[in-house]
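My questions will all concern the structure given below.
Order of writing sets the chain letters: A, B, C, D and E. Residues in each chain are counted from 1.
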């Protein structure tokens, strides 16, 4: 059983507390992604799970057993580091086999296991090479292989893709997803890239400054962000935020005009709307302004619009995007609006659809 | 003129402009005297009088000089004992010092202090340490546990290691610092990965630390080899009464050169010895660097 | 010699300050191991400084006690210090040594790094030869060079001058090699960026490359300072007037054919260790970082 | 107004003495200024050898007597003018060993002072052991030494009866004193031929080595240096040169006496003497030469010698000064001065190399257990080789 | 005039030729992006324009003047490096001012210019900081500031954004675009990220192995890739390629079935279709297979489908994506099909629409 539980997990470096009591339950076989901006405590959390960092307070339990005082090697975990940490002086075979050095398995079995893993990762022809002779993606796979070979209950990944270029990233993302489907281990995956988070996770944990902001499936956090931080962090380009004054299910917009809300609220609110959800409209617009920049993305084009509510990003059809300098009027369906309390940033509960 | 050069030619011009003064310096201050030594090695000269050509006499004399062969062997003994031992000790110290955080700077200074202290003064202290009872520290310690006396310096077998010890001791601090630098350049994630994989410290040391430290090791090997092949100060100061003794048991090549030049004033002979030393050093260094390059 | 391009270390080997100082804190049995390790290192350190303790102890003894080898003097005295320091010439020697060591150090910092930089960052025919030739100067003992230097100084009128004492040490192969290694770690981009920004090569070296190897310069400074501070043979040969003696030459006067006043030698040694210790303490923080780059990159 | 330069090695008392001499000289010769420069003892020879051939040296220089040949050969020093320094007068007035400074009937250099060997003994230890006075003969010396020797429980020597050490002065004692006392002549042919590989030489070596191996009254290298053991009051007797007096004076609590070297089995007395000489370099020409001559003249005058003895404690080079009643009976200087009468001066080709040969000779016996006769023969052959090479085959 | 022209620009390192005669004309004020896989010669080209690399053959002309032998400082260019190359020992002010060191401008003017540039880049409050105290994006702006301050005729950028995380990248991309619109200099921008290329460029130059593959506006290269290499390289996820046998305007598919082509062809061809253009169809499908992986991206979900023609990626609606394991049938409009010659990889000319 590789159920993983964090209970009030806290980390202090000297005086400063960098992790303020994290609570999280991860089911056996679940793929959980930790995201958040740089310095929010993702790596620290992961390293405490691995046993590389001392736990200041709280517990880490793996398979129901509190492992706070166990050495990393006794926790039945494997970890893939951001910079791979594969040994430059060892061949791929040795690197992968390194994870088995401590095991009492007979030699022949070890060899078999290495070959097996190499096979899964499609690296059999590369076994005799040294890391310097590998491409970035191949190195990444060696690091994963070293983790896999031990067949651990829990895999920990710390930003394993951040050193790769975009093309390779997409490809590796897919391989990790496939790996998970095949071996069914519990995986905790750290990244600061929200696309990775979205595509890989069963559940996403969004962190900020040592606190968890929201835990949920990719769909949940995308569709129902718990607060403005999550709303802005998930989705690229970021969600637009428009200040407004709400009274019941309607809101007064900064540029004048009013709009219906999907939820009842009072006082200053922030209206969040994703660039994808903004459409040119003829009637009453949510925002209106002059296009300042156009970014063609291939299938779509992003337009940046200077409005009374600040700069707004919207996705326009690639074939007929508005000209730079032209004025556009953009609106959104009421159900695509996210309403947040301006003071606390917390999302206001939706009227059930 | 300069304007019309290609970019590459301009680079070359700059390089030589930068090197101009140093090259003149090295040619005049270093190569010229070195060349001089090569010339003198074919001459006889007592420093006071005129020089006269003697062909290969000095080399023939060297070849037939039993002291030279003894000294030749000693010189390599210094190299072959000194380099590995100082390498090993300084590595062990650095390895552990690297893991210590409490009063780290203080400990480091303790190890570096000998490197900074006057060799003359230290040699005297060491000589006293080596004395027989009642004065010698080491022999007194041996005596207090009932072990028979050891003739450290007054022995043809023990003297060389005994003289080498202070040299190793004094150079340790320098090597420790370089090793620590090397150790700290190894990313911690390698060790963390190893901890997660559950390998022991010995495996970490032999499979990770040492292979990754190889560039540092080579750096130290080359420089400490040059140092031990050129050992002089420590031997001279440790054996002032009987330089290189007893019975030339501790005499290195540089000391022989020094004596030949400045007590016997046989400059030609000293120059011939210098040429031999130069060749030994060159060959040893090139071999070491070759081994490094063939990596 | 160019083979000492210490490659083989991956990009990730770049030491970050975090990597340098973050160590996993141990617990349980590892705590005990840490205590034992500390004790042993401390013990080793004490053994290392034992001879130095004897040096200080001897400097605090009266002449008649010098040959009684006990660590704690029976009748400690600062007489030797007063004697050495009251000798008016001592300050002169001290100042001479200081001036010479400082000037030579500056010269080495300048030229060694200039040559190291050139050998590292410029591609030009003859580069390898220049490097090996410079390195080969490490292979001739100074003892063989003093006579030619003397004759040279004589014909240029450098005898008995500061310049005469200093000139052979103005550049060293060790420094060139060290600096060459350090400059390998300076990214070419910095240099190219400066080129595009319109600096000439000298300005690039001085304003861009040099500040980036400050740690290396600090390390080199300590080594050169130490070397010149303790230099003996050449300063002796080249100087005639007592006023120009360096400290080691001056202090060697405490010995004569009849016997050596060890208590005074020890006192002198103890005093002359102080400046080097100060230099070390000032720069030691840099040494680590400095040598890291020198030893391991490029 | 002429200015001349004088060089010597650094030793506090010597510098003070020379300063007095210069002061007196300049008073008497107001037209001459003398500047003195001095260098550390250990490297004086190197320094002088580097400077003088380059023409950088002084007008008057102090040299060790053993270096003279080389300096004459290289024409770095010039003969003393016979009108002022009449060889015959010098032969008559100076102690005989100064004759070594004469070449082809001309003197090239002259000493102000000379040195010789004597036996120092620790009066306190003598009293404690109930010994009346210093030994007269070698046999007595061995006997007294035995009485003074002490060992710890393990048999390790903790106090020696007499110090030994070829590296110090003993090689002189062996060559010029013991060999002669055992009936030999150490060298022939004006020190060009080694002659101590003889029965006398062997007897001398047996006696010398026997002090440790047979009688157990000494340990070679005990406390690193003989003089250190004597200073630390862990040695009863110690043979050393007159220059040692000054440094022994500084040692608080040490009461010592000085005696002439013990006589040989047949009563033969011998001693070794050495000296530093002053010479005029070839650099001095014209009026500087004249001034240098005058300075030389003063430096070897009776007055200068007495000042030197008083200040430095070195023995006057002329019997007329040295052998005054007062000097000859001085409890400290007396034994040295009396020793000068029967002293010999070795003409070295390469003093340190020749010393090394004796050091090694003993070491082979001590450490390697080589047979004495063999070691003696080997050493003699080695020394002969040095002499041959020096005097040119 | 900052017209930039490359004529038969060739680079050899020893024996190996890495750039085989590049010809390119860049108009004054144009924003040109060089893209291509790693090692294709992008940086080399840029560095030869800058004068950092010697030209083996051919010419570089700036403003009509051949500059082959001019030193970089005399070419009136500025360059921003991949790792910024800002000096860690200088403050932001000094770093920005560095570009003016060689200029003979009076001191006061220089200061004014630095303040002006800092203002434009929104860095005025940071002028006294050292680089270590800046975030990645801020460092990037310092590097750009140093280039801007000299007001050069040509800006050269070598992968300036590749060290930044996704969020920051998007933001910086926008700033560079704005910079260009404001100062109107000629810009040559190197990247291996095709999204960057698409969004920034007036014209994209796609390189491979030291040859130019295609030059065109983002729209042109996206819509009308000149060959399979360009087709695959531009657009993420990559265009799917399906082998087929063409005869006139119809093609025989590997899974059986036939399809209409927008262009007449004969023999073996490759049919390219972008994931965006694949739709679930009822009728005759282009491809058919089982869904193996699902990657939700927020607004859309990518599905990976195992088909007779190999693995095919398609974009599905995010709200109702097909289940993993289910079988889908996908089709595309004929005008969305790209047809390439199988042997040469070259695109076959379209029938004008």
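Throughout what follows, a residue touches a chain if its C-beta (ideal position, glycine included) is under 8 Å from a C-beta of that chain, and two chains touch if they have at least 3 such contacts.
Note that the coordinates shown come from a computational prediction; the quantities given were computed from them, not determined experimentally.
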- Other chains in touch with both chain B and chain D: C
- Query: Any idea which chain sits dead centre by C-alpha averages?
  - Reply: C
- Query: Relative to chain E, which chain has the most distant C-alpha mean position?
  - Reply: D
- Query: Higher C-beta contact count, B-C or B-E?
  - Reply: B-C
- Quick one: which chain's Cα centre is the longest way from chain A's? D
- Chain centre separation in whole Å, for chain E relative to chain B (CA means): 56
- Query: What whole-number Å value describes the gap between the mean CA coordinates of chain C and chain E?
  - Reply: 52
- Counting in whole Å, what is the centre-to-centre distance of chain A and chain E, each centre being its mean C-alpha position? 26
- Query: Roughly how many whole angstrom separate the Cα centroids of chain C and chain D?
  - Reply: 41
- Which chain B residues sit where two or more other chains touch them? 47, 128, 131, 135, 187, 189, 192, 195, 212, 214, 262
- Which chain E residues touch at least two other chains? 51, 71
- Query: What parts of chain D, by residue number, touch at least two of the other chains?
  - Reply: 46, 50, 223, 232
- Message: Touching residues of chain C toward chain D in the complex: what are they?
- Response: 62-64, 66-68, 146-147, 150-151, 154, 159, 233, 236-237, 240-242, 249, 252-253, 255-259
- Complex interface listing, chain B residues touching chain E: 3-8, 10
- Query: Taking the complex as given, what residues does chain C use to touch chain E?
  - Reply: 187, 189-190, 192-199, 203, 207-208, 211-212, 214
- Message: Considering only the defined contacts, which chain B positions touch chain C in the complex?
- Response: 11-12, 14-16, 18-19, 21-23, 25-26, 28-34, 36-37, 47, 93, 96-97, 99-102, 105, 107-122, 124-126, 128-129, 131, 135-137, 166, 169, 172-173, 177-178, 180-182, 184-189, 192, 195, 212, 214-216, 218-219, 222-223, 226, 230, 232, 254, 257-258, 261-262, 267, 270-271, 274, 277-278, 281-282, 285-286, 289-290, 292-293, 295
- Within their complex, state which residues of chain A touch chain B. 47, 50-52, 71-74, 77-79, 81-83, 85, 87-90, 98-99, 101-103, 146, 150
